[in-house]
């Protein structure tokens, strides 16, 4: 019952603080025989890496991953894979302000209330830097998925920033890699750039919505009634720093629909069942339908802003704080590869679990 | 790694099918010395019971709970508590239609694809009847919470039905018990009654949003970074039948806020920290702040409606189906006590977990 | 993290007290499509049932199992299987003596010290009656194993009673079913009968050693380094009431061997590797070799004897106790089907786990 | 459900191979505020380190531990503690022989059969080198125990080597640190030295029995019925490389006792219940009695000996192998600190668990 772990058979434990010697992911349960090297994982870490454009923090972190165990001659062996990222920049800084004051919107105060001690440097364990370990684990999961379900594709993108949503009419998969927001709507990318630039200059921040889609997931994975595919995805996404809401398929909007509008009717296609629509987000009763698995999550605005906020100190005195330093005006951007990584881990986990529960056979239709 | 279980130290495993001999909850980890009897649990089951007004299904189920173990002379002993509900009405029916056809929006097709066998009677394991077991477990959790954190209060209510939201200006806690929707907005209750009556007569259904609040939760419970209080709540709520989205505090709307609008500023009150607002929903970094813990979830419209829908049979032939019988026009209503039960289980679990992790002491402020 | 559960994918949670309304096993993770009915499980319960000969307690318990969920039209559906045994004989008795006094060698005192409350009737949760639920779960596991690894056979027997061991020269599998000790040594069975009869008449009891063998287990199951096949077997057997030692293969005697005497040399047989001996008990590095898996455990003598023993009361007064009633002179006898049940559950669990970890393929030799 | 993890609330995941870049332990659930530094952990690693006398392998491994996370300003913070030991000596060697041949008594063949790939260098993951990570975790556990139950002392020693047992009459705690066998019997230490010297020179090896005692454990810890203190100890010890048997208290010898000889009678002492003897090994019904917790385990002789043994190759050809190199003639010696470490982890885990289950209060006697 490790609180820093997730997954059933593909089990990821992350460890490490923002400003400690290193952080990483101890990955247990990766199947043997998966071809992997550090470059394949680095690819995804680079996607998350800060400082790549003016919309992400200008801090420089190498985020270079090292495989410390579980891989032999280029293949996983079935033993734990330790993925470690050393914190290269740990020089002593003046943390005076955040050492004693609790930053509003951050976990400073609750870590203190829970533990009575906290590593305040850069947020310590509660820093979004922890997500680098998830992205590393997700990179490994992606390669393992190829072995078991080679048709699976996992793609994340931003679908909203502040009040500005993408226009679904403009949705173009090929655009996602073409803009700093990983958004499929080229027009939105342009508009958002201007909007975010203004925000950044004013020292403010804004929230966002990230959507992650898994395509090609075979029907039948998921484990009712408490390790449902959607349950595990909701937990996975909600565990990401700053996430405040998670939706599957229609999501919160399902509340507004009537039964006849919401039903995804079923037809018989060449390769099995087909559906008239995907309100369900590819999941019924916690089990995949074979349609796209669609998850969406809201990321709150960065709490580190250049406006003075009221707060208290450890000793209970009222005071003010302003969070200096270079921060992401919209952490939602860098949450895209994190969401993808979580999706990859959950999908792999359920592919393995299904095999353990059922073997390779399952109910055939037609 | 039971797939039909949830919770860390207060661990609930539900079992049983809609039309089998019985269903129930095997509850492990309930603290000893909790005063409990069947009536205290029955109270909550009666809240969920169908047939109480015209807005819920007219089926009659006694839903009578029996305590089969773990209680001695009116107190829990620390051993597993078995809560069993016999299915009184199992008479043989003509299930011909749903035996071979998959109902759109139901788990019929995915259970078949996963398992290659399914108990089609009333949805079998995927029936919402399973939530009765959760409500029973939640009733026990509520009594255990009283022992550990007597100030905690858990209250659920409907905040939206179809497109109609409550008016927050009308919010009145005392109204919740006064109307069939358990809504705090008396005006909404009236309007919704008319709206839902029309829907019901037309054989249609509609979605809803349920909000559950835990008041009086001490600061410091929750377990970062993957057993966060919000993570566990998201999983708990998403595991309820028909739920498609979960929000904490500001929820999906957090995407639209700027950093200065979203920050909950901190002050020093008589009994510890106070906040200017509760965008965070009482949770920072996965740990409770001491504010109200606020969770919201969307329930999709009942898929069983009186409109003919296209579907396929087990052998892959295209056909049509109409789901006869008496169904809830809005399952969201009966989801209120279920959401409360899940909240109670999660809060108790984290109260116990905190004690195991930290003991009774924690960081003091002021 | 249920404390009353064991198993990874085939997960068994037992519940119930000796003199409560019922006890049972909630079995999660049983594969779908296993043909099962109550009679197939009852067969194994009858083997454990008391009162079958003069060497077991003369209490009469029907121990009739009911399948309450998870089975449809004679097959498991992949959902939790609830196996319930009602306690038919719960009439009120005079428990005065054990209500306040702690029986030496029993868990009376420690349950009190842990929980501050205990169901003293018949030992409550700590009664060996709990093993009936294990035997029921084991009966289901046996049928599930047939589906996955049909060559597996699980056989338990007594190999020692008090100081009297079987003569391995007399070992005859066909004798096991022919005597009340389930021992493969016909001569021992005769000698033990006389020995135990004397003990029984004097109101004393004695310990025993039970050996359980799983034959036909495929090579390659087990999960290093903490869910090793031998680790899980050791835990499973040690969890049985009154067990004080567990051995794999050579067991404690391995301490006395030199390296050259202990090595099981490897040859190449028709169907794969063969070994010159089986000191390892069929397990190397926590993974099965394909040889017989051999586990042995020692059961202490029944603590309920007709000799007066010194003890204390709940309030700390020194006193004496004599445990009246009809008890087993050697609980080791009825531990044989319990050991078999635990072996069956562990083997099934690891067969499923291997499939989840590796799929059907593994390293081929030759 | 990580297979490379153990513990409920104090959860240890080990990772790493014998000849990979590093190995370590990811420790989750360590309470906050435990004073710790690398030196305090190194102390225990040095006890296990090879090459300290002629009875242990002459290989030189620095086994230097680094704390990579979870500690801030000399105290644990409640977040995961990563303990890493880099493998300093990984130079390329000629592994030709063991690359293709399976060493009898080693896990070479079963890892191959399970995974279809194995890191054969020094045994890879199945090397006893993995136990260094356990010892590191145990060092941390010892410090955490001091915070919760400062009277607990954990002491291991050898009680048998080959056929030679200690004389209990000679038992002297103060001798344990005085001889290379960590044995409390000074005479035995002398005799064993001569015996083992002969064995070593002949290139042979021998088994041993290690006993580990936890003194000062409060009554009431343990969690029936499947996470019993003895169950968890049995699993913990059986998971150590080369262990073939585990005993609690009287152990296998309990089989030979009669009920009147085996009962530990109860008296009332100054500070609570006292017992006339400790056949139970400090555990009744899986819960501690407050007496010494006594565990014993048998370690088989090192399989790496200088005698030629018959085996097969990966391609199934029969051949012979001789395991060159410098090996421990009795791995039991270095198993002493490993057994202590496992005891420390299990005791801490159950101290935390008890707090989570019960809080600080429990049943008082007298």
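Residue numbering begins at 1 within each chain, and the chains themselves are lettered A, B, C and D in the order written.
Methods note: a contact is a pair of C-beta atoms (placed from the backbone, for glycine too) under 8 Å apart; a residue touches a chain by one contact, two chains touch by 3 or more.
This structure is a prediction, so every number in the text was calculated from the model and none was measured.
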Which chain has its C-alpha centroid at the greatest distance from the C-alpha centroid of chain C?
A
Any chance you could check whether C-D or A-C wins on number of contacting C-beta pairs?
C-D
Between chain A and chain C, tell me the centre distance in angstrom, where each centre is the average of that chain's C-alpha atoms.
45
Cα centroid separation, chain C vs chain D, in Å, comes to 26
Sequence positions of chain B contacting 2 or more other chains
1, 3-5, 8-9, 14, 29, 32, 78-79, 114-118, 125, 224, 357-358
Counting only contacts in the complex, chain A reaches chain C at residues 1, 9, 29, 31-32, 78-79, 148, 224, 352-353, 355-360
Across the complex, what residues on chain C touch chain B?
1-5, 8-9, 11, 13-17, 20-24, 26, 28-29, 32-33, 66, 68-70, 72, 75-82, 84, 114-119, 124-125
Residue numbers on chain B that touch chain A, as the complex places them:
1, 3-6, 8, 14, 102, 104-107, 109-118, 125-126, 130, 160-163, 199, 204-209, 219-228, 230-235, 237-239, 241, 244-268, 273, 276, 279-281, 283-290, 298-305, 307, 309-312, 314-318, 332, 354, 357-358, 361-366
